[in-house]
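Note that subunit A is present in both complexes that follow, paired respectively with subunit B and with subunit C.
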Partner chain A sequence: MNIQQRQDLHATLTRSSLGDIQRCWQKTPQDYDYQILRAPETGMVMAVARTENSGEPFNLGEVTVTRCALRLSGGETGIGYVTGRNEQHALHIALLDALAQIKGQSEQVFSQVIEPLKQRINDNHKKQQQETAATRVDFLTMVRGED
Partner chain B sequence: MNTAQNQIFPGLHNPVLESQQIFRQLLKSMSEPGVIGNCEDNLNQPDCLQPATYAVALSLLDQDTALKLSDNLDNESVRDTLRFHNGIPLVNDWKQADFVICNEDERPDLDQLNIGNESWPDQSCTLIIQCQSFYKGIIYRASGPGIKQSRKIRCSAFNGTLIHQREKLASRFPLGIDLILTSGRDFFCIPRTTTLIAEQN
Partner chain C sequence: MYVAVKGGEKAIDAAHQRLQQKRRGDKSERALTIKQIREQLPYAVDRVMTEGSLHDPELAALAIKQAAGDLIEAIFLLRAYRTTLERFCDSKPLDTDAMRVERRISAIFKDVPGGQVLGPTFDYTHRLLDFSLLEDVQDNHDTQKAPETENLEYDVADNFPHILNTMSHEGLVEQHQSEQVSPSFDITRDPIQYPTDRSTRLQALARGDEGFLLALGYSTQRGYGRTHPFAGEIRIGQVALSIVPEELGFAIDIGEISLTECDMVNQFKGSKTIKPTFTRGYGLSFGHNERKAMSMALVDRALRGSELDEDFGTPAQDEEFVLSHADNVEAVGFVSHLKLPHYVDFQSELELIRKIRKEHDGEQNEEDVDSAA
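Coming up: the complex of A and B.
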């Protein structure tokens, strides 16, 4: 797993709901032998924003984030970050992150879990865009013909 | 990715509650020098650290406290673990350190450490010494603020050199170095105000 794949994994898992992850992934954390390095904990992270991409950065507000870190018996360390307070969600992400680092298991994680979830996110996004497009209103300006 | 020598160890099981419990005991031991506190025995610490040292480090250190480790404790595993849990900056210079963790046989001289300055004597270094035992060595009689008359203290890290260096620093009060002694799951504190006198047998 290279850095881009790992970013992809985290981006997909954190955007998916825990229910969706569990539906794609037939296993549960109890099936694995791992040691918790940092038990799931909830805290705040300052979200920094700027107006129109060119304005000065300012603190938009704090976002609730839950994080978790664990190590598999083989030594692979996985981390999980998710917005909100779902500790199980963070734990699942950390475990999948660690499993994807095992040589030979990475493909399985991606084909079984990440790809279907990614497909689902894309489908939802498309559906939402279509629904939005259906309600589109074009505003026209009447020209008075002054010139 | 992670080899046996280079691995991150788990921190406190319940970081909020346990670090508060340890902090409260440290506070008691700092204000009543020589009172022994102890940590839970559920810790899984890096090999070269004792449970009490690890518990104290996890409770006291954060991103604002520069830490220096003595040579025998300064390995990737300890560094990575403390960085991971506490986000501490590690320094190589004794003088820059807010906290120093060392074994008793590689203790730096007290005048190598930062003793604070006249405006901010509280910015001095706190020295955490890992000891072999609290039941070996010369018995010392401790007296000073927080001790009603005197209290007998025994610790394998106490010797003539340390006592002499502390006596020399005493004239610089309020500047000085506070000590935290750890052994196994136990720890106690000797702040700069405590006087130690060897017991005559």
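Coming up: the complex of A and C.
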């Protein structure tokens, strides 16, 4: 798994609900042998924005985030950071992150879990985009003054 | 000054029980669920997250339930909770250019790349009470439809460039560029020092009270520090939140958050050496919070008065006045403290006023004697 794939894995799993991940994966953390490096814990990330999206950075406010880190018996370490306070969600992400690093297992994680979830996310986004597009307007300027 | 008092525990316990009763209301009605609040009062949730300065829709909904719908109390609860959490790190700067747009409008150009999409809005509603919502049926769920998405007249845009950036190549609008990644000041860690920079002010305004900022923004429109604003662009949607975890050393997305952004374009400024340029005010908030983002942008622009060499003297231009009164949790604290026992204090005031009145009577008597003489 290269860096880009790993970013893809996190982008997909953090945008999916725990329920959806479990449905695709059909395994549970109990099925694996791993050692917890950092037990799931909830904290915050300060969301930083830029003035007008390009200028000086400023603190917008914090976001609850839950994180977890673990190591498989083979030595692969996985991490999970996800918005919200769901510890199982962070644990599932960390475990899948670790499993995808095992040589020969990455394809399975991607084909069985990541790709279907990505498809689901894309379908949802597409539906939302279409509903948004239905609200597109054309404002016609009325002539002001005489005539 | 107030003084400590003892006693009253039983009464206080009973009062809190009464509060729980009041919160729960008629017990023959089903209790509200957090999910219902989150799903069906989204604007309340978004306001509480924004001013509570913590993006967590579930906790904001919980706070609203616990506060029995008192939103400022809910904001207080969320603020108190956030102090119990560790901050892992800063996010990478959010990129609102890459927003998954739900709503995007401009009041300065009709035709903009990507188009104007209204999304969910109260604009153009007639503000007539909808009596059909009174009916306690499984709510017009069945009749409520999503917009028709077959045979759309327009292509579905997935890219909405910022409108004011499209004017930038001519240099008509001021552009702010920075390579800096982390803000240099954090008002949650250090007390504000005056004068402030714009980043500090934006942090304070982002968590500031919507009503207060709305009134101040309105005051600038009515002439108290006029800035001639136009709503250059308002966009609402989902933005990726990314961090660089210490374990990885490269960025990963950790979810999406909803944001409302307002880019105000204002009266131009120039000098003998600088060509006239439109200036800008910026507003950003969690969730769907258009009124707040617009008010914030108006006040942000007003507070740039000294930077832009403008006449000074109205409340909205006075950063110390604005920033020290914008936080409703602080304001509530100081106003509420008036309810604490001031018995001793008031006793001394009583004695003083009795004494002064007696002296006043004495002077009156002397004057009466004088005038009679």
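Simple rule for what comes next: the second predicted complex is superposed on the first by the 141 of 147 C-alpha atoms of A that agree within 3 Å, B and C clash if a C-alpha of one lies under 4 Å from a C-alpha of the other, contacts with A are read in each partner's own complex, and residues count from 1 in each chain.
In this section, contacts are C-beta pairs under 8 Å (C-beta built on N, C-alpha and C of every residue); 3 or more make two chains touch, one makes a residue touch a chain.
These numbers come from a predicted model, not from an experiment.
Applying the stated contact rule after C-alpha superposition, one finds that A:Ile36 touches subunit B and leaves subunit C untouched.
In the superposed model, A:Asp123 makes contact with neither subunit B nor subunit C. By the touch criterion defined above, A:Glu107 lies against neither subunit B nor subunit C after alignment on the C-alpha atoms of chain A.
Of the two partner chains placed around the shared chain by superposition, subunit B is the only one that A:Glu76 touches, whereas subunit C remains out of contact. In the superposition on chain A, contact of A:Gly55 is made with subunit C only, not with subunit B.
Within the superposed three-chain arrangement, the count of touched residues of subunit A is higher for C, of the candidates subunit B and subunit C. Judged by the document's definition of touching, subunit A residues 41, 69, 77 lie at the interface with subunit B and also at the interface with subunit C. The touching residues of subunit C, counted against subunit A in their complex, run 49-50, 53-56, 58-59, 82, 85-97, 100-103, 110, 115-119, 146-149, 152-158, 162, 164-165, 175-178, 180-183, 186-188, 197-200, 202-203, 206-207, 240-241, 243, 245, 247-248, 250-257, 261, 263, 280, 282, 284-286.
By the touch criterion given at the top, residues 3, 6-7, 10-11, 14-15, 41-65, 67, 69, 77, 79, 81-85, 125-139, 141 of subunit A touch subunit C in their complex.
Those residues of subunit B lying in contact with subunit A across their complex are 1-4, 7-11, 13-15, 44, 84-85. Interface residues of subunit A, counted against subunit B in their complex, comprise 35-39, 41, 69, 71, 75-77, 101.
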